[in-house]
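These notes concern the structure reproduced below.
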Amino acid sequence: MEASTEKRVKDSFSRQTAMKTIGASITRVEQGAVTIELPFRSDLTQQNGFLHAGVVTMIIDTACGYAALTRMPDSTTVLSAEYKVNFLSPAEGEKLIARGRVIKPGRTLTVCYGEVYAQKDGAEKLVATMMATMISRKETGLED
Amino acid sequence: MEASTEKRVKDSFSRQTAMKTIGASITRVEQGAVTIELPFRSDLTQQNGFLHAGVVTMIIDTACGYAALTRMPDSTTVLSAEYKVNFLSPAEGEKLIARGRVIKPGRTLTVCYGEVYAQKDGAEKLVATMMATMISRKETGLED
Amino acid sequence: MEASTEKRVKDSFSRQTAMKTIGASITRVEQGAVTIELPFRSDLTQQNGFLHAGVVTMIIDTACGYAALTRMPDSTTVLSAEYKVNFLSPAEGEKLIARGRVIKPGRTLTVCYGEVYAQKDGAEKLVATMMATMISRKETGLED
Amino acid sequence: MEASTEKRVKDSFSRQTAMKTIGASITRVEQGAVTIELPFRSDLTQQNGFLHAGVVTMIIDTACGYAALTRMPDSTTVLSAEYKVNFLSPAEGEKLIARGRVIKPGRTLTVCYGEVYAQKDGAEKLVATMMATMISRKETGLED
């Protein structure tokens, strides 16, 4: 992977104010694979004190999206066309680790698979899986 | 719908710290249908300045979950088992309105459909749709 | 809707040998909406004697795909990019009726929603719902 | 895995008349993983001569369902609660191979992941991926 690709992903991530607001960081960028981490925060929970399913979705969506971007040409941006998430265990522990990777790159559509793990007492537990379709758009014209 | 059902939903919503953090409020509770609203905030965006897909997901997940809860017995809590979201238009404008409703109630699983609209200059535009499976759990034991 | 659109859809349907094999027919073509019907057949069941979930999927996939095609330009063909199905009731009765409709048309991607009903003793019961992304391709080049 | 589990899966598969109708066979049963194969047949295609997306879905649904059944107690049957499929390449070649496996077993719900490969000229190509929720039911009472 070219160094410019990692820079492009990190620059785009830094413009995602939502990631800063929840305290997520991008910890790994590889060709076709990106990792996002989120320390547990008690102001991001649902009614039982677990991290909200939508928050879990936010970080794995972002990991999958940027995994897709590493396979797209310069001068494109990436948008989520659709995704599906299955929730397997409560999102609790010290932090969440979201790993997204490209299953099938394409000129327009890129299909990704992602997993979110909860790190608790040194062990990792699978919390959620995502299957997503990402779409590439020219920076200068997002509309279809 | 009994008044106690609305109270149960609103009490549970008030325990969702994630909803308070993003500034969402619950504006309507009916039998099998719930509406959540989120004013636009520039600290919840993705790289192009639209509201983050995961934030859109958070509010429609919550609307669908509580729509399901209105059909569940007292002394249960609701969790998202899985959902799928299609993104149709950029999430921009003054505010988002997420409407979730029950398609099929069940003793264990409740299937819901939801839509998110962006309100901009007085008009509403469909931003995203969700199909979700919600699961009921006894308050006192969340594990499967 | 132009008459040529209905003809285009029906011509394409008639080339779907899979539809003939299971005995499905196209019973309605409107702008953005298509209906497919399938009489119950005991050679299309799963282990409990209900119509196989995959057979239910076949007809609603086809209904959604052709609903999308009614909104696409001539000289294009339609392919399923992805879909999600929720199964709500056993697929039993005299026949299944699958109704697909366009939620959001687009130049490349068209998002559809579909429902399958089982007709039994004169009543209709909702069996399954689909949310699908259909993609348009030039007739002469299917590859991405 | 106990021998009785493989027998239970194969007995149930043999009652799926839909699998016989399309010519699919079950070629491997392991603890938490099942393989189904389908030779290409020109009477199972869509309008471009590829195997119909719904047919692809039928075999991976069945593979995922029986993968789940290997992890369920005796005296239960398995039903598809919901699934999502992404289509990555045209389903063409000599035969399709569908491999389903359990990601997360559960007392009521079991989440599975599946892949369908097309075998063509000795090579395998990924055609589709599935993420599915399977539900266990007592043999004697399917209703929720």
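By letter and in written order, the chains are A, B, C and D; residue numbering begins at 1 in each of them.
Throughout what follows, a contact is a pair of C-beta atoms (placed from the backbone, for glycine too) under 8 Å apart; a residue touches a chain by one contact, two chains touch by 3 or more.
Note that the structure is predicted; figures quoted are calculated from it, not measured.
Undergrad: Among the chains, which one keeps its Cα centre farthest from the Cα centre of subunit B?
TA: Looking at centroid distances, D is the chain farthest away.
Undergrad: Name the chain pair with more contacting C-beta pairs, choosing from B-C and A-C.
TA: The comparison resolves to B-C.
Undergrad: Rounded to a whole Å, what is the gap between the Cα centroids of subunit A and subunit C?
TA: Result: the chain centres lie 32 Å from each other.
Undergrad: Per the centroid of Cα atoms for each chain, what is the distance between subunit A and subunit B, given in Å?
TA: Chain centroid spacing, subunit A to subunit B, equals 21 Å.
Undergrad: What's the distance between the Cα centroids of subunit B and subunit C, rounded to whole Å?
TA: For subunit B versus subunit C, the centre distance works out to 29 Å.
Undergrad: What are the residue numbers in subunit D that touch two or more other chains?
TA: 81-82, 84, 86, 111, 133 - these are the residues of subunit D that touch more than one other chain.
Undergrad: Under the stated contact criterion, what part of subunit B meets subunit C in this complex?
TA: Spelled out, the residues of subunit B in touch with subunit C are 84, 86, 88-89, 103-104, 111, 113, 126, 129, 131, 133.
Undergrad: Quick one: in the complex, what on subunit C touches subunit D?
TA: 12-13, 15-22, 42-48, 51-55, 57-59, 61-62, 77, 79-87, 90, 142
Undergrad: Can you tell me which positions in subunit B touch subunit D when the two form their complex?
TA: Answer in residue numbers: 81-82, 84, 106-109, 111, 133, 135, 144.
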